[in-house]
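Residue numbering begins at 1 within each chain, and the chains themselves are lettered A, B, C and D in the order written.
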Amino acid sequence: MNKVVANAKAAIEGIESGMTLMLGGFGLCGIPENCISALVEKEVNNLICISNNAGVDDFGLGLLLQKRQIKKMISSYVGENDEFERQMLSGELEVDLIPQGSLAARCYAAGAGIPAFFTPAGYGTEVGEGKEVRYFNGKPHLLEAALNADFAIVKAWKGDRFGNLVFKGTARNFNPAMAMAGTITIAEVEELVEPGELDPNFIHTPGIFVQRIFQGKDYEKRIEQKTVRSQS
Amino acid sequence: MNKVVANAKAAIEGIESGMTLMLGGFGLCGIPENCISALVEKEVNNLICISNNAGVDDFGLGLLLQKRQIKKMISSYVGENDEFERQMLSGELEVDLIPQGSLAARCYAAGAGIPAFFTPAGYGTEVGEGKEVRYFNGKPHLLEAALNADFAIVKAWKGDRFGNLVFKGTARNFNPAMAMAGTITIAEVEELVEPGELDPNFIHTPGIFVQRIFQGKDYEKRIEQKTVRSQS
Amino acid sequence: MLDKKGIAKRIAQEINDGWYVNLGIGIPTLIANYVPDDMNVVFQSENGILGMGPFPFEGEEDADLINAGKQTITAMPGASIFDSATSFAMIRGQHIQLTVLGAMEVAENGDIANWKIPGRMVKGMGGAMDLVASADNIIVAMMHTNKRGQSKLLKRCSLPLTGVKCVKKIVTNMAVLDITDEGFKLIERAPGVSVEEIQNATEGKLIVEGDIPEMKIPD
Amino acid sequence: MLDKKGIAKRIAQEINDGWYVNLGIGIPTLIANYVPDDMNVVFQSENGILGMGPFPFEGEEDADLINAGKQTITAMPGASIFDSATSFAMIRGQHIQLTVLGAMEVAENGDIANWKIPGRMVKGMGGAMDLVASADNIIVAMMHTNKRGQSKLLKRCSLPLTGVKCVKKIVTNMAVLDITDEGFKLIERAPGVSVEEIQNATEGKLIVEGDIPEMKIPD
């Protein structure tokens, strides 16, 4: 039960061009920086990336977009990335925009063995086109399917050799649901600890969902919108 | 934002005969002892109780069964209770047995605004009778509906005035999912603390799901099967 | 006419003590500043926090603590942090008492459009579709007209929808309006704005019954 | 013939290093005692723990730490605790590599019955229906015959089913058998038990190909 790999390069072994990847994070918060860099280096392409956002031009998934490694993005919001917009409007990049809650629930469902569920989000909009509609308590709902991935790549604060993960603040976001959904789930953590160091009562992601883990390095943790108030 | 009530009697105000209640706990572990006692005293009856188990003859929900206050039980396992078996086989008590995982998922779904979902559990069995069947990846699944309750009653280890809850050990069990599903959710806790005392990173049930909270007293926390090993 | 702060102040008056509130990006974010101190209101940010506090002091910002607008924030005492699936469980499960969001267009039947301009702008819907499809109580905060002076309160939305028949109330720089079965019902006028001006700026059906009072906006 | 411990020992041999395993109540619970110390196996109890350890020492039992059989337990280093919804997410999502449970009846097509005897006993299915419907790798641990000497390995189950076509392997006091498209395939005999005895105790179709080795059970 030692899931530890040496580094990001070892962690992404087996990721090949054309695969579907899930990547945790919200904006630039809680993204697997080390693995993204390793994917850029590995030069895999034609990737289908499921991630709430697409990074910014020069950080996060934006790095993969720059190198044209992504064939299709499945996201809920992509408004911070000029290169993304350019590739999308020119048709170079396929984009599937889905409601944020449906995205989270579809990842969770995949991990939880729920192949499909009904949700009200998106009824009567483009999102609902071609989807089964059913009324519950007089309210229309769409049937949404679980969203699987060949690899899920998440970023946690702390983790142990068994793959148990703890997140910090809102860097948690999509990471736990995506960790459940990957056929293989890779976790990069800021601090790798021994089993027993994390309180079993307060594990966010039980190790059963994680197949590979490593301690990342040189986290930049870039802030997208630094907003402060004056000390007065 | 003060959800604190004085005691169990105040907490169960508004619970009336014929209502549907959800009660957390697995066996006798993590059950809302104070509220169960208050329900016995209040003499409400014809209750529909959703709880994984039905207690034992003289503790837990068994106390409500003794007084014939329960019309119907919705549970997954009821094997520890003679009075229960007697009432069920004689037809005095209606019983709806559902798979434990479906029970948990149906509570979660109710709390999460998912009116229905597909699960493989129970296909081809009595549980599947009359339910919609659909195949996903060649495997049959049943459509299961969310399970709502007028009141959910849960037991936590610690909680604050905002209703944030923390559970201890496997006393967590059904409590978090049921807390989400109650139209009104009552939490009894062993220790009531001030907002800010619980680490926001490690709240099991965010206060938004809880409407009333109080510090219980005289917890018996009875052990059903005391199993030990010798010190040798 | 109200400015953005004025809109935020007016919407703050719609919030009750003890409510859980989700505020969208833009004008809605400002509302948190105008809730009276003696009221306990918990703000949710759908990226995973209840009990969002004010911006941090300079130097105290934490990259791991942001809101859905990607702004650095703080957590109030009694806050809780959770993952995206749980966050939208709260939203979908109608545990939030009020949702306030911006819009490009609102139709007289309550339809809303705010995520896409075909061929020109596609930022995505983020959590907006979940919010509007789930919430019972949705207020739109927006300017009454767009930059070209055209009404944003329409008979029918021309842009791709975010949700159907979901908006309950609109607060603009000119007016407060309820969405009714018959159309936009004028409830209040912004200070110094006439019913006629509101009528002229409203393409959808405007219902004016009796005297329309002026909003009372505290300084 | 094996006793219950023997059955547990034999099933322990089916477990691989690094597996997550769910053990049902009864004989399956014993299996944890026979996993070699040098193997890392994590036991799940579906009431909400991964990394279940041995029973506590006398006086150290904790009412808040039990397994699905309601027995007091301990937690191993690296354990994690979670709620029932998450627990069955693991099960349904096929994150568990092996499920072992008891049965009243198993049919030659892999059907299993273990939760109800109409009119006589209804304890409920607990988590068994979720486990058998979800798991890819299901082993049944049971006696080959019931208390009246009747076979529990049947052509078709007579009792209400727990799951259909789901059992992959059976380990009884007499034999190890795989469920195949053609029926129960005999893999191993218990020490001192003949193929004929197994045949006589098996109502469903028994497939015997070549020499059937005896189980190797460590002391």
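Quick note on the criterion: a residue touches a chain if its C-beta (ideal position, glycine included) is under 8 Å from a C-beta of that chain, and two chains touch if they have at least 3 such contacts.
Every value quoted in this text rests on a predicted model; they were computed, and no experiment measured them.
A.B. asks: Centre to centre, using CA atoms, which chain is the farthest one from chain B?
C.D. replies: It is C whose centre lies farthest from that of chain B.
A.B. asks: Which of the two pairs, A-D or B-D, is linked by more C-beta contacts?
C.D. replies: Contact tally favours B-D.
A.B. asks: I'd like to verify one number: the distance from the centre of chain A to the centre of chain D, where each centre is the average of its C-alpha atoms, in whole angstrom.
C.D. replies: Averaging C-alpha atoms per chain gives centres 36 Å apart.
A.B. asks: So the centre of each chain is just the mean of its C-alpha atoms; given that, what is the distance between chain A and chain C in Å?
C.D. replies: Chain centres of chain A and chain C, defined by C-alpha means, are spaced 28 Å apart.
A.B. asks: How many angstrom lie between the centres of chain C and chain D, each centre taken as the mean Cα position?
C.D. replies: 55
A.B. asks: Taking each residue of chain A in turn, which ones touch at least two of the other chains?
C.D. replies: 105, 108, 112-114, 119-120, 167-169, 201
A.B. asks: If I count partner chains per residue in chain D, which residues reach a count of at least 2?
C.D. replies: Those would be 49, 75, 81-82, 88-89, 91-92, 134.
A.B. asks: Which of the chains are touching one another, listed as pairs?
C.D. replies: Touching chain pairs, listed by label, are A-B, A-C, A-D, B-C, B-D.
A.B. asks: Under the touch definition given earlier, write down the residues of chain B that touch chain D in their complex.
C.D. replies: 26-30, 52, 75-80, 85, 88-89, 95, 97, 99-105, 107-108, 119-127, 157, 167-177, 204, 221-231
A.B. asks: Touching residues of chain D toward chain B in the complex: what are they?
C.D. replies: 45-49, 54-73, 75, 81-85, 87-89, 91-92, 111, 115-116, 119, 122-130, 133-134, 160-164
A.B. asks: Which of the residues in chain D end up touching chain A in this complex?
C.D. replies: Listed in rising order, the residues of chain D that touch chain A are 17-18, 20, 40-42, 44, 49-51, 75-82, 86, 88-96, 134.
A.B. asks: Which of the residues in chain A come into contact with chain B in the complex?
C.D. replies: Residues 105, 109, 112-120, 134, 136-137, 141, 166-169, 201-202.
A.B. asks: Which stretch or stretches of chain B touch chain C in the complex?
C.D. replies: Residues of chain B touching chain C: 1-2, 108, 110-114, 160-162, 164, 180, 194-196, 200-201, 203, 206-209.
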